[in-house]
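Across the two complexes that follow, chain A remains constant while its partner is chain B and subsequently chain C.
Coming up: the complex of A and B.
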């Protein structure tokens, strides 16, 4: 019977059809069985006491999860998880604290009794809360979290590429979602071995079958646009994502015996994994996705499908309008107060918000000129230059190496941001921190323009721990007929580094202009807190 | 008489002996052959033509190079060529006393610096040779105070006569002495890179991350020498738009050094992981500042912010007295307070010591050619 089922599953996988709910559950059960068998073998060699406790926990779970909706492990720990371990943790530390100290002294019978007491306590607390079908952590988390705790956030996968276990876990998850895994390309500089590095010449979509019924075609198109750099820029990516999700919602039909609020969220999860594989999600996209998921889960179960869909589409429309379009207008209004006649304004790269501000100021008849600073290999400044010159603004164009040369004639620096971190650091295109540094050295004010939906709860102090590595082949260039780095892959000790983002410390930034007003860099966590309280 | 193709601002009219006293408004007449300075033995005319041809070829080379992509050759080669040419002038031109030779060299020097103002090495070598001539003259005269004249105020007051010296006395051995001294200068020039790279192991330890920018042959030799004994990592900023850093990176990686190429925009982002910044420069200014390739100022500021030492590898012939008339404005200058150490062929110095070195190399009256 088991053989027959696995054959069916294999067949449907190769045909690209979506696995039915039963087949998925069977797959999960088999995998859990395999894991259990593996751990049984492990137990024979390691301490029996603690492992047995874990085993008992797992045995409870398949029974519990069959009645629960299929919950797939997500990179972020879901909210209900911390309270159960906390409740279970309270009785346990009391008994655990003396245990390790006295372990050799206690007899086997005493240990057994303790264990049984612990398990009873856990079962009781689990029965009360209605456990989530979360797979028990593997041998890593043996000791329960301490009482002080718990914002135990798990580290996101995309900064643990050098950890083979995490990579394997991701591969398994993608296999389950039927999304191809994108492989890293080229020699990675050792400082960044914990990040992915992909090649633009090998987009993920090449490995998808046609027609791909797992992923909605609008999402496939979006993923391709992301990975090839056709849609670039924080706002553009978020808006494109929201429009694609609107299309998905329009085409969605609730399967029988399913609730829209739960099923739609689960439908979106493989899409998000796919987009993440095409290009790592930005902070703004992450916030937008959180908002959508929350809106979907808040749909009452008695709502009819058509109504629900219209409601969701309106929500998304409102989000785009409020958080992006109107925010831009508000920020432009504040910024125009800061632009005076005769100003020489320096901008870096192509920020849609900063371009909008400058065009608005020009329409309001302010007299200023702009210096556009650009950098290799993306050369986004050319796009900004095009847009500004079309409006009639007088512009100068320089490369970033000349910034200390022209800064003495600049009166203000306007920078865009990719995200604002909770410790006040500004994450933006690589080179922004450099411009802020040199501006500070010349005492030129630096103003960062950023909408509040890009505020992020992460904290980071340098550009290494979390970043994005772009295709290293972009650095290759031909000058005077010679391409020096053409065969860089053949030279073992040569590496090319193409960073996408960097973080600017708050002491380089004088003012942040948001749709809520003009705030100093250090007030970002206050805004985040206020936003969370509102929601 | 041969007709030669006239460059617009080059005056080859020293061929026409009857026109020796006419001067074109743009450029002074080359005094190589002037009726005033006839000596008893006239050098053969083809030697003079040869010398003038060489000078013209050198000038046109100078004008062609430095179009922004960097000079056609490195500074060391430029210095050597200039000194060789000056030696040839000293050997083949016609002069009877030190003052004449200095006048000739000064005039030729002015033409050379006018041809390519950004190539400061040429001017530096001219000043060195002028100082050599002064010293040899003083030695021939027997006065040893020449070298001390700037040092002591007392001497300045008591030996007032020296500044009125017009170097008109004729010494037979002066020519040979001058040529020998210029030969010594040439030997010194040939050994500068070796002298610098011998100091490499004193400054680089194992497992360091070193950052550099663009392409400097001095720094390349420096790092390759240290790599013989130590293992370290080099990060090269490519220095757009000409991306000389790429050539530097390929050259270093072929020597087995672990190299990474980054864009100019990423300099501050990776600086937190860098232990030392080692750069070359185009010119060292008398106040200890630098004039170097675009992007070096940003690199220096980033290093200062992270308190990373900034080491400049520059041979002594790059030291240049500050001349206000240079068309490069002071905005391109890197202040000496951002620099930690200069490594030159005569050892390591703090930036505050550079002005003293300059007084040993050049005479103050030669600062303005």
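Coming up: the complex of A and C.
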């Protein structure tokens, strides 16, 4: 992979394009890394002894120089272990001239083998720390090459509904995939005019044929459930998505002259577009899709279809088990340490994870009571209230307008998250940032519970740039037979805004409890880095 | 494949014997197209490519000769059953059980509607329902029915339909005939759904989405013979029965062994489990959605068998099973069809007054000084001079001599109306001849 990197930078250099700032920065980093490697190697070789050290120096230097322009911190990376010694072996004969006098007995091959063995041993003894340090730059470098190829900037995540070109491109893409385009509904508040706003009464299935042939029925059902809110909540949506993918994989047959690893990914693309049209994908769903696509592409071509399918189904089961079920157990274990007897815990809305934690804590015989804060129009807190009261936890229920009155009683705030962004901001249900703000003002600790699979590489500091607009008709309520906002569309200066998410800055969050442990909000980028490396 | 369509076209038309005397009900012309063309057109418009048609040999023969049926581009898989076999709709489904590979959409041949079918199917999909059906607010037929003296209150037994607050979930269904001593509702239903709306003025469109498990269940239970009469009330009742929760088994193999071990008991039970039940359960548990409010139970009260209904309040929905409905449907047929009201091959003289609501069939000949208002005239009909036709349905091959005055009548195929006849609200059967200068009111002639 490092070699690919070489080619890219070489290519862009020879093509005469000026290296962009990022690329220059990268080169600088690589050179620094190179130096570090050399120093590290020198350190290592100082253990081995003089002669070996000399030999090493000589072989490292030529090896280093051979791969000078692009980065090759390869000696330390486990995967390309054989090539570097081989590469090192090539320059060694060149520098062999002064050395051989010292080594009459052992042959060159034996020495090489010994050296290799010692290198491996030291690598193993160094442990994960060293590996993490080194492969991380390669991880970062691995990402850029794919972006270097097309120099055109692609921002796949940014929705720009008010830009007609982008809308046209999207419409063309959907037409190619034979998926109907869902039209926006109603007047949009100007600050959010770049986002989609759909009506629940105009489902996408209106434009699809019955029975659906282009899109797998399981996906149509899932899209309907998303758009009608039957499956809501980050975890539920991901699980339902993976379940639907399991059905798609089960019903899939490879067409002749096609490879499963490539064709199945292409089959999934229109489904994902369809689901995106029904309801914008969540960060957790995005990560799940990335994982599935990676797994599918990694299927070797000689693998038989049945085997491949079973393997994929097992992958999905494992992913759900590890990232959702076991993660919830781990988070519950950590959180219970933080819940002490006599606590008054405040929760907001209905987070499946927070509910799970509280139920587990109650089962472990902790004595606490819960205050459930709810907000219109979703009123999800009622469902949270039902689940907690069913277990026997004593609860209080307030609306968000009362949160500053109730906070003096509260000892801790537990919040769930939809996604954790790379700059430490927490993206969650709209209203969460208010709760965190008021809690900060009262010096009440705020703990956010979030599984690592919801960590997202996006960076956002405000709730405007990327959000989701729900159906504005949800805000219409009938009281005493009168519906005041019934004809809101006819009033030209009136716009109804039904936001779904908001971002909470890390200053308001005291602790993030993940399945990897309890980390401060600012450590999210580290977790992301580690995750990239693992993958 | 998601849904398979089944068209039930073997019905006898027992409530309009006058019309179905010679022509079987599925082939009665409505808007100059056979009755069964209308539901087929609905299915075709929505996107179906294949339909299984259950009908009799007679109808199949007529279908193959009728030119209008050739317009249907879908693949029609015709299954013939005995006419006199007294087969109910559920029996018919059992008969084709081998062909059913997935969930099924059952339509009756006498349904004329412009419903957005996705409303019914979306309920079926989104809630993973066992049954989703279509109902409509009934319209009163105000026109006088020919051949019937006075407004005959046929004493149609009312249907009581109970829905929940959202108006979508079907909680209760019973016909007046089955309720001998009052309408009783089980306490378990009231506990789960304390607010129920009971409606009586609804027309059942006989359009049902059924899960495949129901068809398999029918195969094992030969005692159920009618979908509307027996299967539907059974399913609606079964929603609240305690035994509907399927046994917790991890894979299909377990299910199979349990079936064979228990033998008869399990085969009569409706097995609604799906594969990956645990994943679906997990998704539902983690989802913060509930279909009802106010009690401690989870979504759907944990029930796996769910019945839904879509009640149309706007739009056309007619079941053509009575004479009044037939006339009404004909009147509205011109609104439903996209074709021009006057067939291009019809020869209409210039001095003919034709209202916009009228439909003239192929190869008709309409002479001078005629007036045709709000009527349907079938193929190959000859209308001579000075004839006045209003509010009537004239079928194929009819000859109307000069000077006739026909108002509010239904004249079946190949009839001959003699010169100067004056008919009001009459029903003339196939091949009948009305003598010249005859004056008839509210008469049925066969």
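To be clear about the criterion, the second predicted complex is superposed on the first by the 377 of 535 C-alpha atoms of A that agree within 3 Å, B and C clash if a C-alpha of one lies under 4 Å from a C-alpha of the other, contacts with A are read in each partner's own complex, and residues count from 1 in each chain.
The rule we apply is simple: a contact is a pair of C-beta atoms (placed from the backbone, for glycine too) under 8 Å apart; a residue touches a chain by one contact, two chains touch by 3 or more.
Note that the structure is a prediction, hence the values are computed from the model and not measured.
*Asks:* May I ask you to decide whether A:493 touches chain B, chain C, both, or neither, giving the answer as first, second, both or neither?
*Replies:* After superposition on chain A, A:493 lies in contact with chain B alone.
*Asks:* Is A:475 touching anything from chain B or chain C once the two structures are fitted on A? First, second, both or neither.
*Replies:* Only chain B is touched by A:475; chain C is not.
*Asks:* Can A:390 be said to touch chain B (first), chain C (second), both, or neither?
*Replies:* Once the two structures are laid over each other on A, A:390 reaches chain C alone.
*Asks:* If you stack the two complexes on chain A, which partner ends up touching A:484: first (chain B), second (chain C), both, or neither?
*Replies:* First partner only.
*Asks:* Would you check which partner chain A:350 touches, where first means chain B only, second means chain C only, and both and neither mean what they say?
*Replies:* In the superposition, A:350 contacts chain C only.
*Asks:* Between chain B (first) and chain C (second), which, if any, makes contact with A:220: first, second, both or neither?
*Replies:* Second partner only, chain C.
*Asks:* Mind working out whether A:375 is in touch with chain B, chain C, both or neither, as first, second, both or neither?
*Replies:* Only chain B is touched by A:375; chain C is not.
*Asks:* After superposition on the shared chain, which partner residues are touched by A:529: those of chain B (first), chain C (second), both, or neither?
*Replies:* A:529 sits against neither chain B nor chain C.
*Asks:* Do any residues of chain A touch both chain B and chain C, and if so, which are they?
*Replies:* None.
*Asks:* Would you pull the chain A residues touching chain C in the complex into a rising list?
*Replies:* It comes out as residues 203, 205-206, 208-213, 217, 220-221, 224-225, 228-233, 235-237, 239-240, 242-243, 246-247, 320, 324-325, 349-350, 352, 380, 382-384, 386, 389-390.
*Asks:* Residue numbers of chain C touching chain A in their complex, please.
*Replies:* For chain C paired with chain A, touching residues are 1-4, 46-48, 116-118, 121-122, 125-128, 276, 279-280, 282-290, 293, 296.
*Asks:* Enumerate the contact residues on chain B facing chain A in the complex.
*Replies:* 69, 233, 238-243, 246-247, 249-250, 253-254, 256-270, 272-273, 294-295, 297-298, 301-302, 305, 331-332
*Asks:* For a test of understanding, state which residues of chain A touch chain B in their complex under the given definition.
*Replies:* Touch list, chain A to chain B: 189-191, 375-377, 399-405, 408, 429-431, 433-434, 437-438, 441, 462-464, 475, 477, 479-480, 484-485, 488, 491, 493-499, 502-503.
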